[in-house]
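Across the two complexes that follow, chain A remains constant while its partner is chain B and subsequently chain C.
Showing the complex of A and B:
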């Protein structure tokens, strides 16, 4: 009950602060989908439309636009988590409030769970808007029966990524730097996982992509939506994602706990 | 049982990289105890180790050595329990959510202290009334003056009704009216009415003199002595304090060489130099001191023979003025 109260208080506090910056809110609500547009224009310029045979040979679907839209939507979820959770404690240091949170009898990990929930809710709203635009304006076809399997895959993906974000939050606490880390991760994912293009195009990207959980989730979501596969066809992927969740979340929590203690030792909690 | 017991506390900070790497001893085997219900002052110049000590007690910093006991329990072994029994107030405006109102700030922190909505609302109402913030309770904190922000920070420190309060330079940077309000509040409400145990750090000797039952002098991380303000003043009963203000610069060592001078401090502010000399008889040294000052065409402004204050005792014991900045790094 107490934990729920902390999470609720964190959600309300963050929402109220966000609402004082309406332009920023509007910007971040729309911006994550904007980068899809150049891909649509490029596709049209290269092949004269949004369907390509060579693309089909690599991915199983000729529909380039749907491929990119799904990449955009799923990656919004994870990048928003990485930025948000990784940066959340840093924001509190800027406001000067972090010390007062840490000095309370609530475990810092619970505070971070609160921040994770806030980011999840925010990302869900953005993804919902993106999905509406993708379906009703850009013509992405999604069946109602596909919603639950996709939600399950996204959930499994997010749990692992929030583990990574929690570890990042710990590093941020200690070394006061988050942008470089998240930017690097972002570009590693853009380059080595099939967010914007099929990684099979190149043997190096194909091999490295196998180490990134996002690859499995994207392949599975596209298989369900674009190739009409059933969730039963993807049992191996689900198991693998589940296993990665345990690994990432466990490591994330352990790292955060260790780094938070280190921060108390070196005395840099309130530093910018 | 003592409310708070500090045993042999040592904290070093390691700063810089490579050849510039150095170790700063912020706390050097500090030990003292605070009785339940007393206001205990920690008096020392900037950089003496006061904030480091407070941060260790609040569990924000883990010491290299030593123990801290809160009502007999080790605070680091029972950190969540200890945090629930401690209220912290520091100086500085940036400790609140400026985009939120006073009520929203307090509601958020109440959740972190595990308060139910019912007890939270009652307590917030009471504290805002007590601290005179009721009328601005729903206004954003960014519209508050520094003093109002400090009052709200005090309300936050008292939110969970802690047994022990750590007040770190609570009046620093406040205008005299707000500083007076905070001092009266500490004295009349927190001590007299609610019998709180308070650790007050300050480098204002009048504040320590007025509020504290006992005071620890701290300098360069070491606890020099612990006594009541009255007992401290008895330390130099047969000494006189000569204060000369002038425009110009002199060497401290030139004054120290005058026979019968026991302690000297020099402090510069707004182009005015304040020289304080502790000696057995001030008239014995006055003419020689004036000669030294006038030698370089310095302009003498005032000469006073003063009663010994806590600051004079501090200078007498440490050779350091409370107004000096003894910081070795910005971190302390």
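Showing the complex of A and C:
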């Protein structure tokens, strides 16, 4: 009960900070979809329409517009988690509040869970805005019955992914500036998972993509929305995502606890 | 005129200072070389996926060139120049604020344009290194050919375009004086400009209102001109018209940039918010 109160307090605090900058919510709701526009114009210039046969041979759908839109929307969770959760404790350092947080009688991991919850809520609002634009302006077709299976896949993706982000937050305690590492991880996700293009097009990207949970989630979400597959057809993918969750979350929590202890031992908590 | 040697020295010193800072973080410098390649590759692989190869008859009909790889690689160079204006120059004052040196720089006995030109010199050099690296890597991976006779006119065109972009960068730098959280201004402007500049597609596929808006952006003429000289892309206007418009944009953006900077600088001083975050 006490733990839940701490998580709630952290959620309210972070939301208050974010709502001070409402323009940011609007920005993140609109602009990630704007980054997709060049891919749409590029497609129109290269194949003369919004469908491509060779794209269908690779992905099962000729509709490349829906393919990139879904990639942009789902990856919003990943990039917001990477920067938001991974960098959350670093922000506390900037604000000068990290020391207070560490000496409070709550385990930092609980506070980090609060930060993860609020990051998820914020990303969900952004994803909701993006989905409205994608459906009503850009013509993405999604059935109401597809919502629950997609939500399940996103949930399975995020449990493991937030584990990775929590480990990253632990690294910020020890090595302070992880900006470069986050950026590099962002590259790996952007280049080697099918966010913008089908990774099957190249043997290298295809092989590396198999190690990234986002690949499985994107393939499953697209199978449900674009190929009308049922969630039962995707049992293998769901199981795999579940296994990755256990692995990533477990490793993430263990790493964070170890790194936090290590930082206290070397006495560098307050350092920048 | 008497002060010119001093100003030139100040420009050089500003350029060197930025390089020293840049090279102090070697990993970040290396990352800045790889960054554009990471964002370019998905465009190329996506293109191959939808076309089913590297040659598109639709692109040939629209632009006169069928090779999607060369088309996109040459276009993508201009993202680097846009970044130079929007991030490197536009964000320069905000960076000085982070370092805590903005007040000292502004109190130095040199006009603001000297400081801005020093920043511009550094960002142009840095961006050129990034572009050369990008072209070498892309050549190794994909191999592409361009007309050798088009290299000189392309460089002339890029030089004129860069001056126009300096004006644009000064305007963005001025905006960061007012808005403080300038990254949002740079990010929003760069997102819009990267859509309406015909980087990975010919101008003709954009909706009409975007085509009209793109004519006010110097990089539109840069990208169309360079691809025209190097791979024979069809231009929607004649060559003299293109150069004339680019010169005009140069004059307009530089005047507008200097004016905006002057007004916002004065305003910030009057409000007493130069050192606030």
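Observations on the structure shown:
The working rule: the second predicted complex is superposed on the first by the 267 of 272 C-alpha atoms of A that agree within 3 Å, B and C clash if a C-alpha of one lies under 4 Å from a C-alpha of the other, contacts with A are read in each partner's own complex, and residues count from 1 in each chain.
As a working rule, a residue touches a chain if its C-beta (ideal position, glycine included) is under 8 Å from a C-beta of that chain, and two chains touch if they have at least 3 such contacts.
Here the structure is a predicted model, which is why all the values come from computation and not from measurement.
Partners chain B and chain C, brought together by superposition on chain A, fit side by side with no clash. Of the two partner chains placed around the shared chain by superposition, neither chain B nor chain C is touched by A:147.
Once the two complexes are laid over each other on the shared chain, residue contacts for A:96 go to chain B alone; chain C is not touched. Of the two partner chains placed around the shared chain by superposition, neither chain B nor chain C is touched by A:155. Once the two complexes are overlaid on the shared chain, A:106 sits against chain B while remaining clear of chain C. Looking at the shared chain after the overlay, A:8 reaches chain B, while chain C stays out of its contact range. Using CA centres, the angle subtended at chain A by chain B and chain C is 90 degrees, rounded to a multiple of 10.
Of the two partner chains placed around the shared chain by superposition, neither chain B nor chain C is touched by A:128. By the touch criterion defined above, A:16 reaches chain B but does not reach chain C. In the superposition on chain A, A:265 makes contact with chain B only, not with chain C. Between chain B and chain C, the minimal CA-CA distance in the chain A superposition rounds to 12 Å. Looking at the complex, you find that chain A touches chain C at residues 21, 23-24, 27, 31, 34-35, 37-39, 41-48, 52-55, 57-58, 64, 68, 180, 183-184, 187, 190-191, 195-198, 201-202, 205. Against chain A, in their complex, chain C makes its touches with residues 27-28, 31, 34-35, 38-39, 41-43, 45-53, 56, 58-59, 62-63, 68, 72, 181, 184, 187-188, 191-192, 194-195, 199-202, 204-206.
Every residue of chain B that touches chain A in the complex is listed here, in rising order: 11, 13-14, 52, 55, 58-62, 80-81, 83-84, 86, 88, 90, 92-100, 104, 107-114, 140, 156, 331.
Across the interface of their complex, chain B is touched by residues 2, 5-6, 8-10, 12-13, 16-17, 20, 95-97, 99-107, 111, 261, 264-267, 269-271 of chain A.
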